[in-house]
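The two complexes that follow have chain A in common; it is paired with chain B in the first and with chain C in the second.
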Partner chain A sequence: MPLEPLMILIAEDSAADRMLLSSIVRRQGHEVLTAANGAEAVEAFRQQRPQLVLMDAMMPVMDGFEAARQIKALAGETLVPIIFLTSLTESEALARCLEAGGDDFLAKPYNQVILAAKIKAMDRLRRLQATVLEQRDQIARHHDYLLNEQRVAKAVFDKVAHSGCLNAPNIRYLQSPYALFNGDLLLAAFTPAGDMHVLLGDFTGHGLPAAVGAMPLAEVFYGMTAKGYGLSETLREMNAKLKRILPVDMFCCATLLCLSFQRRSVEVWNGGMPDGYLHNIASGERTPLTARHLPLGVLSPQTFDDRTEVFPMAVGDRVFLLSDGVIDTCDAKEQLFGVERLQQVFAANRQPDRLFEEIEQALQDFRGEARDDVSMVEVSLLEAAQLIPPPLVYSDSGQSCPLDWSVNFEFRAATLKRFNPLPYLLQLLLEVHGLRAQSGALYSVLAELYSNALEHGVLGLDSSLKRDASGFTRYYQQRNARLDELQDGYVRVHLQVAPKDGGGCLTIRVEDSGKGFDVERVMARPVDGIRLSGRGVSLIRQLSRNASWSDEGRSARVEFFWEALA
Partner chain B sequence: MSVVTEVSSDGKKLTISIEGRFDFGRHQEFRESYERLGNKPESIVVDLKKATYLDSSALGMLLLLRDHAGGDSSDIRVVNSSSDVKKILAISNFDKLFDIS
Partner chain C sequence: MADTHLDRDVLSALQEVMEDEYPMLLDTFLADSAERLVLLHKAEDAALLMNTAHSFKGSSSNMGAVRLAELCHELEQRAKNKNLSGIEKLLGEIDGEFAIVRPLYEAERQRSSPTEATVRRF
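Take a look at the complex of A and B:
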C-alpha cells in the first residue's frame, strides 16, 4: 500500500474497461477521476490536478497521445506520470506512447499486481521530482538572498573603504568588484602631512567571514591615518583589534606603505603577503619588499613586531603590491605560477603602465583561463606639489576657539620608545581655527622638528648616512636599534598661541638632550629638495616662518601666522 | 584517510600526517585528530611529507592546533615540508611560531 493515497485520472473510452480499472485502483486505496476521451481527460486534469494518469492510447474526440502532450504542458515542471494503457504490441506504437510524454505503459488485459507496482514506482519518481524542485527553489531563494546580502554589505563597506584616496592620480589598482568576499582589501588615505598610507590586505578564507574583519581594519586605518599616526602605531592598533575580535584560525596578511612625497621615501611593513616591489625607474631595478612579519591578528599585542623598513624613492619610482592569487595560480598540472614567472613578466615589461594587463595575460596563458580574484596596486611617487590632499572636514563651529595659551611637554626615554605624540599635538593645535588652513604644513613641520630632535638629537644619528640608498636603509636600521636600547634623554615641545591683529601667531619650540649641530654650516647650505639627507631642515625653512636654531642646535624655533578669519 | 594520527607508545608525542591538499576540506579531520585525544601530548609533529599544497586556511588550522596545545608554551614541529609548502610558510613567517623543517 502506498503511504499516501493519490488522486488518479483514468482516461478510457470503453465504459467496461473504465469501471474495471477504477475498481482495481480504488481497491488499492486511491481516489479516482474518470474521463471517456482525451479532451475530457485534459479538462479533468485542468480542474482537479490529479497526481497520476492512466491513459488509453486510442480514444475518440482526442486520442491519448495528444491528451498526454497537453497534460504534460499543463503540468509544467511538476512530474505527473502518465501510464499508457494499450493493447498495441508493435514496438513502434509503444515508442510513440513515450514520445508523446508517457512515462510507462501497461498492456491490456490488466494485471493488478503489475499495475499496483507501476503506480508505486511512478509515485516514487513523482515525489523525487517534487523534492528536487523544492530544493532547487530553496537553493535559488537562498542564492538570491545571499547575493542581496552581499550587495548591501558591499555598499556599506564601499562607503567605508572608498572614503580614502584610491582615486588619487598616483594610484593604479586592479581588484574584482567582489574582492571583499575573497578577503582582499585595498585602502589608501592621506596623512595630515600629505603623506599617503596604503594597505593591501588578505583575510584568511572566503565569503562573509573574510569580509567581516575588513570593516574594523578599515576604520582603524582611516581613523588613525587622518589623525597623523604613523605606520607603527596604526599597525599595533590593527593587530590588537584583529587579535581581539577574530577567531584563532583567522588572520589578515597585509602590506602597509607610507609614501612620503616630501621626504621622497617609502616606509614598508609586510606581514605574510607576497613580496611587493619597489621599482627604480632610472636603473630599472626592482627591490623586493619581503614579508618580515607574521600576519595581523596572530600575535598578542605584547609580542607584535611593528618594525618597518624605509627605502628612498625618486620621482616616478613605483611601488607594486599584489595578492597571493597571482603567484598561487595553478596550471592544469597543479604547478604554481610562482615568483620566477612573475619576474619574467617584469623583465619583459616595456611600458610600465601595461604591467597589470601583462600579468593578467600571463596568468591566463598559464592557467588556461582568466582569473578575476587577484588584486594588484601600484603607487608612484609624484612631486609633492602634484598631489593635493583633500581638505579635512571639521564639525565644530569655531565659537570656542582657544586663542591665548601655552603648553610645555617633556617626552622622556621610555615614552620616546613607543609613543608618537604628534597626533595629540596636532589635534590640540587644530582647535585653533586659524591654523586649520595650514594643517598640512603645520603637521609636516612638527613632524620634522620632532624627528630631528629624536633621531639626530636624542639618538645621535648622522643624517649624512642617508646620502645613498644603502645608507638610507642602514640609517633606519640604526634608528630602530638605538631606540630599542634608549635609556635616557628627552624631547621638549613648547607651544605658544597668541592673538595678533585679529589673527594670531603660533610659536613652536622643540628642544632635545642631544649633542646639537653646527648651525651655521647647515644653514649655509642651499635650500633644495634633491639630496636625501638634510631635507628636514630645508622643509622646515620652506613651510614655516622665522625658523631658527639656538643652544648649538639643540633648540629649534618656528612660527606660524594667520590672518583674521572672514 | 588524508589525515593520519599516530600517538607514541608512551602517549607523549602525537604525529599528524597530512596527505594530498592541506586546505579547508581537511578542517574537520584535522581538528578531530587532536581534539579526540584524552591526554594532551607533550609534543606534536605535523608531517607534511605527502602534502602537495597548503593554503591560508591550513595556516589557520595550524594556529588552532597551536592554541589547543597551549599557545606560546606549545611544542609543535612541522616536518618534511616540500619546497612549495616551505615557501608558503616562509611568506607567512610561520617559522616564528613553529619549528619548521
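Take a look at the complex of A and C:
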C-alpha cells in the first residue's frame, strides 16, 4: 500500500541541509513546509498543522528542544511525531531530545532509506494514536448516550414508581438511585380499602434489559391495586403478562405483601426472593417469609400458583424484605455474606430504626467496599387511623351518575374458587358520585361482608381459630384447602341505590349458603376491633349504618348514606 | 581519484536526489559555509563557537566534505570542553580546508549544468 502523502515540517537553520532534506522528503511523495529556526517552526505548525516534524536540535532564535516542547503542547492529544535531526552523539544530548518530546532521531549525513523508513514508522504510530483517540471519543459518546438513555428511562420510571406510596410514614427503604438498572424494583400502593400492597422485585440481568420488564409490572401492580384486586389476582396477572412479553431466560423474583391495618395481618407471596422477615416486636421473634414459588414470568398461567400465606401482626411489628444483593455479597475470598451473618446483624440490633445502617455497615466491613445493588424495605403496621390513603382521582364529570337502580348477583362454587367480584362491584358503586367520598369504608365493608360470607358461611371456617398466631396460619391453610375442594354453595350480593333528600342511600345485602351463626351472641360483644377473631363484625358496624343480620346470620344488611353534593 | 577532501559517492547521491536543483544546492552550501567561517572567526564565547561548529559539521557531512566535517567536529569538541588554547591554528586549518574544497564544488557545479543555473535566474 503506498504511503498516504503527509504534510511534513522541516525545521533546519542550515540552508543547504534544509534544501537537501526538502528534496528527499518531496521525492518520497510528501508535502514540505520549511522553517529556519525554532520560532518559525512553532508558527508554521500553528498555522498549517503539519502531521510530522523533522527538527534540527541546534538552531538560532529558538532551539529545537524548546520548539519541540511548544509544538507538542499545541498538538495536544494528537500525536505529531518529531524526529530530531542531529549529529549529536552524546547520550546526554540525545536524552534531551526525548525529554523535549522527540520521538526519534536522524543522524547527519542523511540516509534516504533510513529517513523513509522512519517517516513510515512514525506515520503508523501517528495513525494508531489517531485511531485510539477516535475510538476513545466514540466510546465516550456511546457512554454519554447510554447514560442519557438511562437518565430518561429512570425519569420516566421514577414518575411511575413514585406514583405509589413509598413515602408513607410506615415504609422505610434503601435503594441505589440506579437500582432499576440492577433489575431491582420497589413498589407500594394503597388499596381502596386502605390496605397496603408492597412489591420488592428483582429482574434477571443488568442494565436496560433488566429495567424494561419493570414498566409493565408496575402498571399491573398499580392498576389492579387501585381497583381493589387482591394479591392472588394481581399475581396471576403479573405472571401472565411477564410470561407473555419477556424472553424465556428473563423473569422476575418477587415478594408481594398485603398489609391490612384494619385486620392487623400481612398476606405474603414470595417467588424466588431471599427470605423476608416478620419481626414481632413484643417477642423479638423473626418469622422468615420463605420463597414458596417460582419467580414471576416462569410458569404458564395454568400452572402458576398464587397461594399466599397470612400472618397476624401487632401495631409496631415490621416486615423486612431484602434483595439477593445483601446475602450474595462476596468478600475477597469469594465467600458469601449469607443468611447467618444477616441474622447475626439482626441479633445484635438494639434500635430497630438503625437496622438498615447496621446491615450496610456489616456488608461494607465484610466486602471491603460498599455496593450499589442492595435493596431493602421495611414496612411497619400502624394504627389504621395513622395512615390516610390519598384520595382517589376520578376523571368523569358526574353528569351520568346513576341514582335509582338495583342489581343482584349470585356467585356459585366454581366462581368462588377463582374469581374475586369485589373490584367489579366497587367500580360499579363508584359510578355513584355521592359514594366516592366514602370509597375506603365502602370497600372495607363490602370486602368484610364478602369474606365473612365466603369463609364462615360457604367454607364453614371457625373464626375463633384466629385467636392466636398459630391458629391464624391454620385458618388460612384450611381456607385454601376448602376452597380447592368446594363443590357447591353460593354468595349472593344485592345492591340497591335510591335517591333520598337530594342525596341518596345504598343498601347492601350479602347472603350465603352456609350454616349461619349466633347473631345475638356476637352482637353482645363490645365494638372494639382489637381481637384477632370476629373483628369483621365490629368493623362492619363501625364503618356502615344500620348493620343487621337475619336468617340466623346467613343474611347481612348494611346501609350507606350521602348528602346532596355541593 | 581517491579524495581525502570530497566523497564522490556522496556527491553523486546528492545529484540524484536533487536533480535540477543540484547546482543550487552547491551554491547554497558554499554561500552558507562562507557565512559560517566569518561567524567562527567572530565568535566571542565558547558556546557560540560550539554551536556554529556543530552546524557546520552537520552540513559538511551531508555534502560529502569529509575532512571539513572532521575539523569542525574537533573544533566543536574543544569549544565544548572550553579547551581554547591554540584554537586559532585549528580555525586556520578549517579555512585552509574550505579553500581546498570550494574550487572542487565550483568545478562540480560547472560540470553538472553550466547553462541551467543562468536559465534559472529568470
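Here, the second predicted complex is superposed on the first by the 564 of 566 C-alpha atoms of A that agree within 3 Å, B and C clash if a C-alpha of one lies under 4 Å from a C-alpha of the other, contacts with A are read in each partner's own complex, and residues count from 1 in each chain.
The working rule: contacts are C-beta pairs under 8 Å (C-beta built on N, C-alpha and C of every residue); 3 or more make two chains touch, one makes a residue touch a chain.
Predicted model only: the values in this text are computed from it and were never measured.
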| query | Between chain B (first) and chain C (second), which does A:41 come into contact with in this model arrangement: first, second, both, or neither? | reply | neither
| field | chain B versus chain C as contact partner of A:27, first or second or both or neither | value | second
| task | Would you check which partner chain A:336 touches, where first means chain B only, second means chain C only, and both and neither mean what they say? | result | first
| Taking the superposition as given, does A:97 touch the first partner, chain B, the second, chain C, both, or neither? | neither
| query | Who does A:313 touch here: chain B (first), chain C (second), both, or neither? | reply | neither
| First, second, both or neither for A:87, with chain B first and chain C second | second
| request: Check the residue A:249 against both partner chains and state whether it touches chain B (first), chain C (second), both, or neither. | output: first
| So, does A:458 touch the first partner chain B, the second partner chain C, both, or neither? | neither
| task | Touching chain B in one complex and chain C in the other: list those residues of chain A. | result | none
| request: Using the touch rule from the top, collect the residues of chain C that touch chain A in their complex. | output: 10, 13-14, 17-19, 21, 24-25, 28-29, 31-32, 51, 54-55, 57-59, 61-64
| field | Residue ranges of chain A touching chain B (in the complex, touch as defined) | value | 202, 204-205, 248-251, 253, 271-274, 291-295, 298, 303, 324, 328, 334, 336
| task | Sort out for me which residues of chain A touch chain C in the complex. | result | 13-17, 19-20, 23-24, 27, 56, 58, 85-88, 108-110, 112
| Residues of chain B touching chain A in their complex? | 24, 52-53, 55-57, 59-61, 63-64, 67, 72, 84, 90-94, 96-97
